[in-house]
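Each chain carries a letter (A, B and C) given by its place in the written order, and its residues are counted from 1.
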Amino acid sequence: MLFNFIPREFNFFDLFEKQASYAVEAAKFFKELTAKGEIDEEAMNKMRLIEHQGDEAAHTIMDQLNKTFITPFDREDIFSLAKELDDVIDMINTIISRLAIYKLTGVNKNLVDFSLVIEESAQGILCAVKGMRNVKNLKIVKDACVEINRLENVGDSMRDTMLAKLFDTEKDPIAVIKWKEIYQDCETVLDICEDVAHVVSSILVKQA
Amino acid sequence: MLFNFIPREFNFFDLFEKQASYAVEAAKFFKELTAKGEIDEEAMNKMRLIEHQGDEAAHTIMDQLNKTFITPFDREDIFSLAKELDDVIDMINTIISRLAIYKLTGVNKNLVDFSLVIEESAQGILCAVKGMRNVKNLKIVKDACVEINRLENVGDSMRDTMLAKLFDTEKDPIAVIKWKEIYQDCETVLDICEDVAHVVSSILVKQA
Amino acid sequence: MLFNFIPREFNFFDLFEKQASYAVEAAKFFKELTAKGEIDEEAMNKMRLIEHQGDEAAHTIMDQLNKTFITPFDREDIFSLAKELDDVIDMINTIISRLAIYKLTGVNKNLVDFSLVIEESAQGILCAVKGMRNVKNLKIVKDACVEINRLENVGDSMRDTMLAKLFDTEKDPIAVIKWKEIYQDCETVLDICEDVAHVVSSILVKQA
């Protein structure tokens, strides 16, 4: 149909910014919960809502992508960016839900530390995504991506240190199973943030 | 070579339907085994055969894709669909093989329940893939995809409930390690089924 | 910019060969460490260096890919090949770092066996990647890919046998957690090598 060949006025940038905002919201909420050391039904519902809103933004992007002939940058990059941003929110949701299922209550200093790094990285993503609107922001976007990469390295050593200590001190195997997964999940959030930064960087290089 | 530019009469739809049928066969066989609560060498061989046949269908699709210039829909969608269908069968194969390696014999009600949802989802896939042949089936395919998404959500809660109960009641850490992995694997099958539904939906949107 | 449309004299083949050489170097070093049964700070640093050099080769390929208009083969294949080769090195790095974090010292016969298969597979990759320069090498490349696939199957049974034995004999759940992950990681290296072989095969088919 000819219909599909007409460029839409659809604004991908608005939608990506929306998705990135939900990622920041999820990260902030995760930080709150780790500081509180308790996850109740209300908290689970709030997180599910954020995740659901993020999902809807992602779906809108995919739908528009499939219907739009001319896009501001490569189709596969749009697809990847929407997918990776969605994965950031999903992974935070997974961690919160695991903490609840495993009944891991009480403030865990490690988790608090991790949540701070995750929030910083999510803020970096929002900054990078916002900057993509205009080539003039190249330096800002680049700096944000470098920072996200740095935070991923920070997360790597945090996880390694935490796991080494966990295996050294925790004698309850069930507790080891639970915390090992949670720490690895936290690091995975930062990995996915780095993937977002890679997509953004690659879009920038092509547009330069 | 000019040869490569001539459209082949190759029927991708037949091959995808074949792959989806193997996925259903694998799911049905998994259901049988969970009802029996026992996996012997004969069962392992039967599952390996299904997986091998699925592999061959996938390879044929990839080979044809690489050699065909004109395809019924986007090359990357053909690639993804073949890959995801293969992953469904592989994951079921992995679970069955893990049950054998971990010597998890006896009927486990949870596993029986999961196998029923997995079979439903595989049937949904077969229905969606069959429907792709003709744009007239749009409604049928869409409904199947919605159902597959619903089943993925069902699987999510099933896994969460099962894990919570496992950590609450199972005091043997080795048993926790084994069953935790199996329940998570079962949910992963439904995740991959959902990925299949996403590819099918995206193909439909582009053709609409 | 017109600049981007001028084909560069950049040699992707040199870079891929470099990456594959780092994969072989990582695999050889892993073999050395398993034979020694000890990982000290010096070993960690050496592995980090190999991984860093591999990273740089991958980044150079991605940068060039983004800036080059005409490439020797499909852009997505170049991207996948660089990504998968990087993943091989990363995974070996992960295993070595886990062995250190989990304080798994002493020679483990299983690990020695796995490291030999991993080295063979990495050598197969180097052979396949070297052969890609010239269509005349088709047979050599194909044979290398077949061998890599065979080694992946070997790895599958090795892991299954090792896990079955681990669960049969190891009564310390913490040790089960550690070794289970290490054996699965070793098999994952071979999976990624197989992914490399798939990309190489698919490039060959398209060029034939």
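Quick note on the criterion: a residue touches a chain if its C-beta (ideal position, glycine included) is under 8 Å from a C-beta of that chain, and two chains touch if they have at least 3 such contacts.
On a predicted model such as this, the values are computed, not experimentally measured, just so you know.
Taken as a contact graph, with one node per protein chain and an edge wherever two chains touch, the assembly is complete, since every chain touches every other chain. Per the C-alpha superposition, chain B sits rotated 120 degrees relative to chain C, a value rounded to a multiple of 5.
For the touching copies chain A and chain C, the fraction of interface residue numbers used by both falls below half; the interface is of the different-residue type. Chain C has its Cα centroid 27 Å from the Cα centroid of chain A. Touching of two or more other chains is recorded for residues 76, 173, 177 of chain B. Contacts from chain B toward chain C in the complex involve residues 1, 62-63, 66-67, 76, 97, 101-103, 173-174, 177-178. Interface of chain B with chain A (complex): residues 76, 160, 163-164, 167, 173, 176-177, 180, 202, 205-206.
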